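Chain nomenclature is as follows: A, B, C, D and E, assigned in order of appearance, with residue numbering initiated at 1 for each chain independently.
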Amino acid sequence: MLATNHPLSHSAQSPLIQLNNINLSFNGNPILQGINLNLNKGEIVTVIGPNGAGKSSLVSIIVGLQTPTSGDIQRKAKLRIGYMPQKLTIDPQLPLTTQRFLSLCGKSAALKTAVQRLDIECLLETPVQKLSGGEMQRVLLARALMSKPELLVLDEPAQGVDVAGQAELYHLLGQLRDELGCCVLMVSHDLHIVMAQTDQVLCLNKHVCCHGAPESVSQHPEYLQLFGKKAAEDIAIYTHNHDHQHDIHGDVVEPGQHNCQHDHSIHKH
Amino acid sequence: GSDKALNPFAPKPTVVATIKPLALLAQSIAGEDFTVVTLLPPNANPHALAMTIADRQRLDDASLVLWLGAGFERFLAKPMQQRRGAQLELGSLEGLNWPAKSPADLHLWLDPHNIAQALKAITVELTLIEPLNRNVLDQRLASALRELAQREQAIQRELDAFKNVPFAVSHDGYAHFVGAFGLNQLAAATRLPEEQLSARRMYELQKSLAEASCLVVEPGDHSGVKLAKVLGVPAVEVDPLGRAPEITSITTLLQSLTTGFKHCFNPRNRS
Amino acid sequence: MPDFLINALLAAFAIAAVAGPLGSFVVWQRLAYFGDTLAHGALLGVALGLFASINVTLAIVLCCMTLAGLLFLLQQKPSLGDDALLGLLSHSALAAGLVSVSLMGSSVDLFAYLFGDLLTTSRNDAYLIIAVCGAVLGLITVFWRKLLLMVIDADIAKVEGIPVNLMRILLLMAIAIVVAFAMRVVGVLLITAMLIVPAAASRRLTTSPEAMAAGAAIIGAGAVAAGMWASFYYNTPAGPSIVLAASGLFLLTLLKRRQ
Amino acid sequence: MLATNHPLSHSAQSPLIQLNNINLSFNGNPILQGINLNLNKGEIVTVIGPNGAGKSSLVSIIVGLQTPTSGDIQRKAKLRIGYMPQKLTIDPQLPLTTQRFLSLCGKSAALKTAVQRLDIECLLETPVQKLSGGEMQRVLLARALMSKPELLVLDEPAQGVDVAGQAELYHLLGQLRDELGCCVLMVSHDLHIVMAQTDQVLCLNKHVCCHGAPESVSQHPEYLQLFGKKAAEDIAIYTHNHDHQHDIHGDVVEPGQHNCQHDHSIHKH
Amino acid sequence: MPDFLINALLAAFAIAAVAGPLGSFVVWQRLAYFGDTLAHGALLGVALGLFASINVTLAIVLCCMTLAGLLFLLQQKPSLGDDALLGLLSHSALAAGLVSVSLMGSSVDLFAYLFGDLLTTSRNDAYLIIAVCGAVLGLITVFWRKLLLMVIDADIAKVEGIPVNLMRILLLMAIAIVVAFAMRVVGVLLITAMLIVPAAASRRLTTSPEAMAAGAAIIGAGAVAAGMWASFYYNTPAGPSIVLAASGLFLLTLLKRRQ
């Protein structure tokens, strides 16, 4: 194992997926730099980070949609992945009810369970293209579940889901991990929930800022730089008290260059 | 003006004929005194030709353009409208024979009478271009007409025996020949090669062609061959354009048509 | 019933049957232009076939499959829409065909190849069409689920282990083969229209992909029957009459207000 | 004024937009029922509600994209609206940098201000289609600002925006209201921020459940039914303690029919 | 230079100039099929024009504008993609044209009307083309910003007070008019290809809509020059040579790796 000094690689069994020194760049712009990551059974791993940090790109690499510019990926043989992309647009010319959409990827028994779990019985007859933003997220999650994945990858699953739904969604992810013993990898901006429901947090900003259990991450200096001290303490955003230290966070872009990752310096106080 | 400058190696005036039969007509009068050029490649479709710049230039350089009419060489309709030099549109000559069944058919070089009219008109035009050669041209016309008359009689004799043998054509391009020699054409499947058949027409054709000896098709007319197969009559290729290289005069073209039709009429001649 | 009518109906029904499902994919994947592109490619195929003196049908099929391959390759560069790519291929193929005909002083009227005629279908032609359509229909049925998942979202399908690229090329090749074979027998207009029009009509009536495909096949068959009847009754050309009948059926579906 | 008994119609000046008894249905399914709403200058109005409640539909009606099935809308003459839709897909065939995209709708001075405000200088050269989810939201907001709108309508503006960005976004909306004196209407699922930053809350679930100042709304029985008692108290979602009362909230769908609005009954406890 | 060459170049450059911006919109709005649809519609126009014995050019223009209007109306029902709608219209128009010719027993070959030839352009034709192209170019320039906002997102544009439907119909009509007039003069192939191919090539080189439109016009003009030269040098037909030259330029842009 190359990444032996990696806090996420603590598990004894061989990991589902192992990323070694992954780099990705578009047209010479580095998007991801030197990422090492192991995903193990039964873990919930959350990727957090500012907009444009490369979270979706990392997810694409993990599920195999994007080829990294350099680096090495090892997947368990015949790994079953359930994937829920950040956004999905289905051609309106395809007549497709939610029921049929779901039934395409599994048996009717699995469908029934998933539908009940996510409480979407009443959407079954709706054309998928007509679902509202949050409804679509639920359906996509149901779909990802049906295939009984070993690795469930979700890119901002709670986006557009209503307050109550969010809580249940995260609750559900925890249940699933316990039942299926699968690994859940998700991207989220919702620090509250992340900290409460996650086993491992990966704080990303092109490179891996810090990773580990939520408690340890929330004490990490780079985390504090990215999200502000106060946020780390009470994770209450609206009382967020700005700490101007974070304007240059230890980013590994070309040194000397202004780092342009929206270090939330909008409100100049 | 500039035409000569672009074409300095052509001391002789040129006559541009659109298709081979017209070139043969022109050649029999022009002899060595004119350069006769055929515009269309041997087998191009006159209905949908895309000209090259050289083609276009040849048109402009020509002392005389010989063509049939906008209904045949459609690509020439506009250039001929604008043309200031001499042109001879054979389709608009006076005193032509037009077949009763398809009065707009422009394959008019298949009728000896029309050939004679055309030869006369060509002679007039060429004389206008080279007035000094009047006598030579007139002599060539006279001999051409003589040869034509002889050939017409010979063909008449050859075809007499088959006057009542019924046959059909795939597309209506032989009407002038059929009219001139009094042949028994039952039907033409379509007026144009692109035209598609209706089920009714097909049904009628099948009934009326029951006793037809053959379906006459142009070379390369695959739809005609297929049609013949479906209708259960043999297809016989007859080429109204005289594409074969051994056809070097309008009379040999008429003769080859005759031979072709005899193949149709006489089952022993068919393979 | 006269033989020619039986042959024509056999061929037309076979085409309607395969054009239903295949046309549904054409509509979903926005490949409506593909039929025309293939027709133009056929022109080039004829020219090259004559040049290389190989069987013309073979040349057409090869040329159509090459076009399908080219489209697949160009689709990998996502900066252009499918319709623009198809337009590009279509016009380039047509221009190349015209230029090569002109350069070779070719001896065939290429346009004749594009205007096959349904009514001159021979029994052997009909059998050929039935065989090709049957084979393609079988292929589509076998891979239906995978094709559908690809249509819904290529990314998710890929993650779930479906060979998306293989499915895509399968679909393009299936269309290319059906169009290439059917074109010479029944004409370009009929085959390309049968791909789009019944599927478009069926879209408005159905709520599942399978129903849309089956509905398109049924509407296509209905259009064949109605068009043939009209061709007989009103003495109109058979192929165009069938297409108009299909368009008429589409217009009827516009009356349905819902959805 | 028809809606005189309406708590939002307190302002003395004539409202920017006035909705009277708006109904909307698709294929006979009621989506919105009997909505009355006045929008006034200088107000921040937030629409909350579960997924599929019709929030986006209401917004569409207000900006004039959707015609209601019945009801009456009155707009101030020549009202300048800035609109930021829930999602936006721009054809990838259109070569368009963010700079050009923004410059299409205003002068370069306005552009400069908006760009600085939202800290998106470094995105100006990126093609708009390549922006990450949160980056796009910032750019769209900048765009909506540039036209100096009298009414700014945002459908889930914070969706996909990172933690720090969210706080600043809401902060910025408050500033804008003060500076431009415009009315801000937004849809949000983020109860924390909504309660802290909003003047008026409209709680929607096909019909208007309740409306008014955040404090009053968060005491309203229908609100409690929709979002749970605990949420109203500390607005902390992950500690959400389920109250099964909400399974039928006073919805005006056909009576007797099961109400299918995902009343977050996923985790059957 | 011979007169016919001057006329041809005048017409071709005018078409390249307007086809650049117009073609960019065609690519953005996924209307690549529209040119072909209009060509097929022209066939119907000729048939109806002969039937009603009105001026054929007028009949073609009217028919093309009707098709543009129909497309606009059908676009309002969003359940079908633009390409499928265009395919539907295209095939229906062609079939209707063929049937009406057959019913009228018309004596003209309609296809002839579709095969204009660049080299037969008269001076008056060239002036007509220049006038039409100039007018359309002016219109596009005047409404450029509004058209662009519509392309980016029709909803936002509508909210911001841009008459989206008006812009959409303006665009469709502009395309219809350019194609209808240019078609009879320079041929269908040339005008429809010039709309798509240079715009597609320009897309790969530019980073702003204006640059793409201008680049497309320049690439089109380059293709005209190169194609004419090739037509002279290799003795190939002029129209197809220009189209092939444009395709060649597109292939060159594929070499550019970035983006």
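Going forward, a residue touches a chain if its C-beta (ideal position, glycine included) is under 8 Å from a C-beta of that chain, and two chains touch if they have at least 3 such contacts.
Only a predicted model underlies this, so the values are computations on that prediction, with no experimental measurement involved.
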Partner chains shared by chain B and chain D (touch criterion as defined above): C, E
Separation of chain D from chain C in steps, with touching chains one step apart: 1
Farthest chain relative to chain A (centres taken as mean CA coordinates): B
Most widely separated chain from chain D, with each centre as the mean of CA atoms: B
Contact-richer chain pair [B-C vs B-E]: B-C
Interchain centroid distance [CA atoms averaged], chain B/chain E, Å: 37
Distance between chain centroids, defined by C-alpha means - chain A, chain C (Å): 43
Cα-centroid distance, chain A relative to chain E, in whole angstrom: 47
Multi-chain contact sites of chain A, meaning residues that touch two or more partners: 91, 93
In chain B, residues with contacts to at least two other chains: 48, 50, 52, 194-196, 198
Multi-partner residues of chain C (each touching 2 or more other chains): 27, 30, 79-81, 84, 98, 102, 111, 203, 234-237, 239-241, 259
Touching pairs among all chains present in the structure: A-C, A-D, A-E, B-C, B-E, C-D, C-E, D-E
In the complex, chain B residues that touch chain C: 41-45, 48, 50, 52, 193-203, 206, 220-223, 226-227, 229-231, 243
Residues of chain C touching chain D in the complex: 78-81, 84, 258-259
For the chain A and chain C complex, residues of the former touching the latter: 63-65, 80-83, 85, 88, 90-91, 93-97, 100-101, 104-105, 127, 147, 153
Parts of chain E lying in touch with chain D, wherever the complex brings them together: 27-28, 30, 145, 148-149, 151-153, 155-156, 158-160, 203, 206-209, 211-212
Residues of chain D that touch chain A when the two form their complex: 26, 48-53, 56, 86-87, 89, 117-123, 130-135, 137-138, 156, 159-172, 175, 189, 191-193, 196-197, 226-228, 231, 236-238, 240, 258, 260, 262-267
